[in-house]
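One chain, subunit A, appears in both complexes that follow, with subunit B as partner in the first and subunit C in the second.
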Partner chain A sequence: MEELDGEPIVTLIPGVDSKKQMCFDWGPGELLVCETSFHKKGKSETVPGCPFIYIVRKDVDVYSHILRKLFNESHGIFVGLQRIEELTGKSRKAQLVRVSKNYRSVIRACMEEMHQAAIAAKDSTSSRQFSSQVSILSAMELIWNLCEILFIEVAPAGPLLLLLLDWVRLHVCEVDSILADVLGSENPSKHESFWDSPGNTQTLTELELKWQHWHEECERHLQDGTFVSSPHLESLCKIMLGDEAALLEQKNLLSNWYHFLVTRLLYSHPTVKPIDLHFYAQSSLDLFLGAKSRPEPLDNILMAAFEFDIHQVIKECSIAFSNWWFVAHLTDLLDHCKLLQSHNLYFGSNMREFLLLEYASGLFSHHSLWQLGVDYFDYCPELGRVSLELHIERIPLSTEQKALKVLRICEQRQMTEQVRSICKILAMKAVRNNRLGSALSWSIRAKDAAFATLVSDRFLMDYCERGCFSDLDLIDNLGPAMMLSDRLTFLGKYREFHRLYGDKRFVDAASLLLSLMTSQIAPRSFWMTLLTDALPLLEQKQVIFSAEQTYELLRCLEDLTSGRPEQGEPDQQLQDDDIEATKVEMLRLSLARNLARAIIKEGSLEGS
Partner chain B sequence: MFVARSIAADHKDLIHDVSFDFHGRRMATCSSDQSVKVWDKSESGDWHCTASWKTHSGSVWRVTWAHPEFGQVLASCSFDRTAAVWEEIVGESNDKLRGQSHWVKRTTLVDSRTSVTDVKFAPKHMGLMLATCSADGIVRIYEAPDVMNLSQWSLQHEISCKLSCSCISWNPSSSRAHSPMIAVGSDDSSPNAMAKVQIFEYNENTRKYAKAETLMTVTDPVHDIAFAPNLGRSYHILAIATKDVRIFTLKPVRKELTSSGGPTKFEIHIVAQFDNHNSQVWRVSWNITGTVLASSGDDGCVRLWKANYMDNWKCTGILKGNGSPVSGSAQQGNPSPSLGSNIPNLQSSLNGSSAGRKHS
Partner chain C sequence: MEEIYAKFVSQKISKTRWRPVPSGSLQPAETFATGSWDNEENRVLLWSTGDLGNLDSDGGFEGDHQLLCGIRHHGDVMDLQFFDQERIVAASSTGCVTVFLHHPNNQTLSVSQQWTTAHFHTGPGSPSCSTAPCTGVVCNSPEIVTVGEDGRINLFRVDHKEAVRTIDNADSSTLHAVTFLRTPEILTVNSIGQLKIWDFRQQGNEPSQILSLTGDRVPLHCVDRHPNQQHVVATGGQDGMLSIWDVRQGTMPVSLLKAHEAEMWEVHFHPSNPDHLFTCSEDGSLWHWDASTDVPEKSSLFHQGGRNSTFLSHSISNQANVHQSLISSWLSTDPGRDRIEITSLLPNRTLSVNSLDVLGPCLVCGTDSEAIYVTRQLFS
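Up next, the complex of A and B:
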């Protein structure tokens, strides 16, 4: 089996001395290339001049704004085709032909826009470029149309020629109309009646018979010398008899060999069967080109189609067109027609997937077209998912909106590792820029407990330094996310404590404060702060902490002060110790007083 | 392919390495002028140098980015026998306005007694870890256990390769079926030196790296080595830059068949060998999906290698200098985008058939 071969494409990098070596690196969508010298020495000997760094890209087409419409609309058709409910039999064929026609109309629309751009272009270079793009799109449509007739519509003998006639007419319209005029004026009745009802009321054999009669009549006229007086009419008659030499004499009216082919078939073998097509195609090509010309890529593609060699068509198109758009969509459609398998190509679905992966990968180098690429990957059963994973995590998260878009796509596909990674990247970026609220929400979305703990610690440190919280909205509305990490839970609950206090719900606040320590949710390093927070509650007129609770608080305090080898610097420690000692004393006093009041209150008749 | 941008590098001496960051929006260059430069891509697609600083006291051979999960972190290695880790500090708003950023050195790794020839960060699932290799034949693996404190790195492993090392590559596979793995290449030119490519694998039980394989068929000096990104394959693909380009597959042999507890045994096959460069090949590197390999050699070309849907490898593109000077302004590259055709004849054969015909 032949592979996709062809000579490697050479890209020249202006400015690089062809004798110099180059170092390089891959980016997600491009290559970084730079002049260097690989023969390392410790010191450089000569200063070779300041080189340039080059960014090299492929998939140039994704950057054209007119083609963008082509990509967008064909994406819609592609996805529709994958999701469409498969009909059976004739309806299925009609379904597929409709899809094919949709693709072609999208190509034609793009051609038209490109053509307008060529006309409107301000300078000759862009005008030329647009025009050449029109030519290429035209070639694509030509090839696609032929493939539709031969492979998808699978026209049987008889109608086949009609379709080919339409095909040629569509692409070679002017000349055909001239010929038609000429022909029509000579033998109107015979001509028209022949074509009036092709196959609707007659069987193929009836048609053949009729045509044979007509053909013989023409021959007789020729032989009888009916047209001897007019060489023009004579050559016309010869043409209608399918005389190749006569046809070739009118070569300048026939723009190419496939026009010649169809014309020839029209007059010599109107009921040509598909399997015989290639024979006439080859001879038409040979006759038309003559000895001196060689077939060009487009000729080879069309010839392969006439030979019903789908693989060859795809292969030649892959080489001829620099963008995978055409072969990817066409191959996918042909695969849906079950054509790739039926031709016993053992790489059948692999080729479809290979081409779709190539095309989709190319889309990912574009800042917005990558979203189309996602759907193409979705319909590649073997490597689509992993390819999407690799591509999507490289998308630059330049705005929050883009990040959310990317995350949604990953979440929809249960790409949990990518979600985690992207959120982590954003969380880290936020932490480094000291945007703690943002960091926290990304950590939560990443379900990254460790990082959530880290950010929570930062929040708490912040609070200790400034005496207030930043990003209160976020912390207040954590909800179940609070459970992600103990530290985060503590942060949420601690904030809740402040809220309760602010709402003057002192008893609730007190219970919460105590539970933060007894449940071990509060980090030890924070206990002093918590106990200090308890002070205002202890100093209130009414007794808030019960005796029981006060005992607990005392126990916590003892716990804290007893097992306490600080790991700080010795000097700092001494200083801290002084402050600490004072605080501890104050707390002990407060707690003792509260205890006394609580016992009295609980012991007396009103208390309970 | 086409040149989209040309950027004046502004180094005062030879550039040895260029490196894109993970998203392709920043790049770093390092040079014999002992400095590293960081470039940022703006929204409009222009590249600006946002930092340039002296990093070593000798030529800087390689520069590489850590995964952005760890923040903005770079590592460099040099002829001065050290490797260094750098972190970007979010600067004052003035700096931001002037488009400048600051990078600070977090640590210097001084264990090597000779030129440090390569430095590579490990795959992110292994944490913040990097490996260096030196001309003294030792691969060193360092780890920063606290991602928020990059000044603390500890030397976790020293792997003796016995030959002067030129390059290393971590296996990027994060599959649980694969233990951490690192390939080391040697450019030792002495004839007795046999093991030019060695593969080491981490053993969970001994907590050490042990040699798993030596590629015996590679007998010439190796200049670069690269594991391909793993698209869910059970086997590994390794590219080697030596006197030619070689691509190997390493298929783990099932553990039951080998003595358990030892390093994995591999079935090694060579799937491609290309001598198109017709000279020493100095660099090999895979694209992000591991579908295209790029190589560059003494012949001044960068070649692209791709496997088709039947797993046959072919050269699909060549980049080479054409010697002509670059025009002054430099940023914007050549052709405006077009639906291209590789074969110019396609256009002329189309012109014959479509509208461009005489109306006679």
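Up next, the complex of A and C:
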């Protein structure tokens, strides 16, 4: 196992007796913890302990009201990025820079709102919490912005410094005004003339020459003692020459080492090349911090960025931030810039996919943000689908509407197994609640013939018990769904038989009844009922069953009675046998009589 | 097109409704209510889009909508309706129906009345206190009709503690939505593709009429009645199909239009401009169907798009099978019905659009991306 990157954090569970042992279980994003009755020393006590089960979460950001906007808006940007057509060359770069700026503006909007909340907060704890969130978001934006300049814009020497200047100004704006006063008085014009337009028409060499010329002029002024009379102006001149000592004297105006770095570069190496940046960065860091203070995590991240070590940046950010949001989105964007080689992590997938999977899994442990997680899994080619299949089945379904949304997600991705299992759960619940129509509707959706059979059996059972059908509105209107299962077809046709009988269309009813038995779609257990249903038809004044049909009925009866096994409790069996025997006898009698009448009718001339 | 403003609100929105404007008022709608779902703590919120004193440089209104007040709601908000200017009725996934009262002086909402066991399951396998979600509610002062997953229809009257009338087991499947036809008659849609008309003047528990789709019994999720012609009804189904029905004639729909790619959650006729219809769906789109006759050059029955066709094709370019087919069981007597122009109103694809409402020139909709979209210039 690799060594730990940092010391594990200890979390105290309130209310739990420290002498007792705790038990725990892992969930997708959290831990369940509770107190056991076992003592650490081995004796167990019967004293009632803490009655609560605790949920321990590492990622609390997901539950922040304001950060939810960040998650939702960035989801939109992420999905848009995956779907945009691949352009090439400059327009591609411009496209990616736009996406990066979108992400950053979302972070800034969140920061702004969090800041408002901090001001409006009623108690100091929440105010402090909001403020610390603001600084975390601010650090995120700082890092992202630097990555955008170095990795996405890939600014060459010249424009690089301009962008770095903007970067620093954006984050140190309150100091900037003071600095502007100090520096701006003397020669703003001389500065600006070099940095005319973003699309610099001058070549790098022209710029270098001009700057060199100006630098020499400044030095000459210093040596000539032009500013001897005013120490203020003299130190200004030294600053403009990029003299480090002079700059450090103004340390209180420079809030941090990267501000110092950019200022230094501005005055001593304005045409710095990207690959040389890290020399100056390292020395600026050392000079600014001095011997006493140690670099903070943010400093390490920025240093790694200046060294163009993307993997180090991502790794440090993963450790520093409590939530995978930042690294997942940044890595994905950098991957689109084709900057990440397939860096093989020792657990198999590539870095972008790993981070996206972690982030999406975190979303799934949230009661509401799981819907965002689906799209992230979609864009993880190797393990995304499998992860989605596992997660989506475990979403609690409290209402049918939520279930419909989950089913739609599964169907769009052809996850038929999950559709079937979810529909089965819902259908079972519906059957238990006596909502047979709903149950049928779920089995139709899942094309689950077995469950449709179960529902039909329930209907038939109800009929046998009560002598009439419940939920006629459903059975009468099955439509093509009838074909889903044989039992369902039988149910529909049986109901049709009853309707025909009610309409006094006896001949049609009779042939339908017969076909139900001969076509084998009627379950054997129901044949007796069907034959008993035939009795009133046999006893009618007119002959309904033809001779042929009567022979068929006789055959069915024989089939039924011959294949009857002798099992079961003796008493019950005898009683049943009695009833059965009577029924069979009556049937035989009716059938015989009908046969006689039918033969006579068919044998005689028509019309009589 | 018109300006449409989006705002992220940190909760998935299940319902949005405009507050009705007082009759005779010329002002466009200003206030709307939203209900959330799938949160540990759901809320019913009231928002205002009115002129808050902010005019931008063009003299137009600032688009942003502001939160006025809110109240906690137990369970998901399954349906929401304004009972009158001050009262809102909310249907919950816990089977409870609540009437909230808005106090304009101190901008608060409070619970005015509650029927906690409006919908529940009673089956051989269900525990004795098994609740069922209430899926739809419709108001016609002083009456409130609710339907639920238990297949039950309740008729409540405000200020009466118990239901005035209950039809148990009105349906063996889930009732998804309900609307009034004429005052004593309501129409419900269920999850086996049937429309049922119930007459409260009759004593029995049977519907007075049943209509259903031919072919597959696709569940129907939403229904709306034409504001002027009380026999014309539009429904939206699970396959995204929009159906127009004439309840006086026959048992089958007049037209079937293939619209969305996924469940259609809501369909609304525009209350003052009924040639316009709006639908929203799980596929993340909101469509405006314009059947008005004042566009001269169209003649084909199979027409798609119009002046916004480029916009339409761009936003749905990767949905290959969107087409409009008009299947008439019999000829429509209104020639304007044959030419329909469809416009997609939302700028980007989002997660499901769960709800929409239109009043005058204003439209509001809520999505699963936790965003609310408002436009107050619908027909410009």
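The working rule: the second predicted complex is superposed on the first by the 476 of 608 C-alpha atoms of A that agree within 3 Å, B and C clash if a C-alpha of one lies under 4 Å from a C-alpha of the other, contacts with A are read in each partner's own complex, and residues count from 1 in each chain.
By definition in this document, contacts are C-beta pairs under 8 Å (C-beta built on N, C-alpha and C of every residue); 3 or more make two chains touch, one makes a residue touch a chain.
A quick note: this is a predicted structure, and the numbers were derived from the prediction, not measured.
K.L.:
Using the touch definition from the top, say if A:Ile275 reaches subunit B (first), subunit C (second), both or neither.
P.N.:
Neither partner.
K.L.:
Kindly classify A:Pro8 by the partners it touches after superposition: subunit B alone (first), subunit C alone (second), both, or neither?
P.N.:
Touch status of A:Pro8: first partner only.
K.L.:
Pick one for A:Asp473: touches subunit B only (first), subunit C only (second), both, or neither.
P.N.:
Touch status of A:Asp473: second partner only.
K.L.:
Tell me which of subunit B and subunit C touches more residues of subunit A.
P.N.:
B
K.L.:
Now for A:Asn434: first (subunit B), second (subunit C), both, or neither, which partner does it touch?
P.N.:
After superposition on chain A, A:Asn434 lies in contact with both partners, subunit B and subunit C.
K.L.:
Report for A:Glu73: first if it touches subunit B alone, second if subunit C alone, otherwise both or neither.
P.N.:
second
K.L.:
Have a look at where A:Ala481 lands relative to subunit B and subunit C in the superposition and call it first, second, both or neither.
P.N.:
second
K.L.:
Please report the subunit A residues shared by its interface with subunit B and its interface with subunit C.
P.N.:
398, 431-434
K.L.:
For the complex, which residues does subunit A have touching subunit B?
P.N.:
1, 3-6, 8-38, 40, 42-44, 47-48, 50-58, 60-64, 67, 126, 129, 132-139, 142, 171-172, 174-175, 252, 255-256, 296-299, 319-323, 347, 350-351, 353-354, 361, 383, 386-387, 390-391, 394-398, 421, 424-425, 428-429, 431-434, 454
K.L.:
Using the touch rule from the top, collect the residues of subunit B that touch subunit A in their complex.
P.N.:
1-20, 22-25, 27, 29, 32, 39, 43, 47, 58-59, 61, 68-72, 79, 88, 90, 115, 124, 148, 223, 229, 231-232, 280, 282-283, 285-289, 291, 294, 296-298, 300-304, 308-310, 312, 314-326, 330, 333-343, 345-360
K.L.:
Name, in rising order, each residue of subunit C that touches subunit A in their complex.
P.N.:
8-12, 37-40, 76, 78, 93, 121-126, 130, 132-133, 135, 149-151, 171-174, 190-192, 194, 196, 207, 210, 212, 214-217, 219, 238, 262-263, 282, 348-352, 368-371
K.L.:
Can you name the residues of subunit A that touch subunit C in the complex?
P.N.:
Touch list, subunit A to subunit C: 65-66, 68-69, 72-73, 75-76, 79-80, 367-368, 371-372, 398-402, 404-405, 408, 412, 431-438, 440-441, 444, 470-471, 473-474, 477-481.
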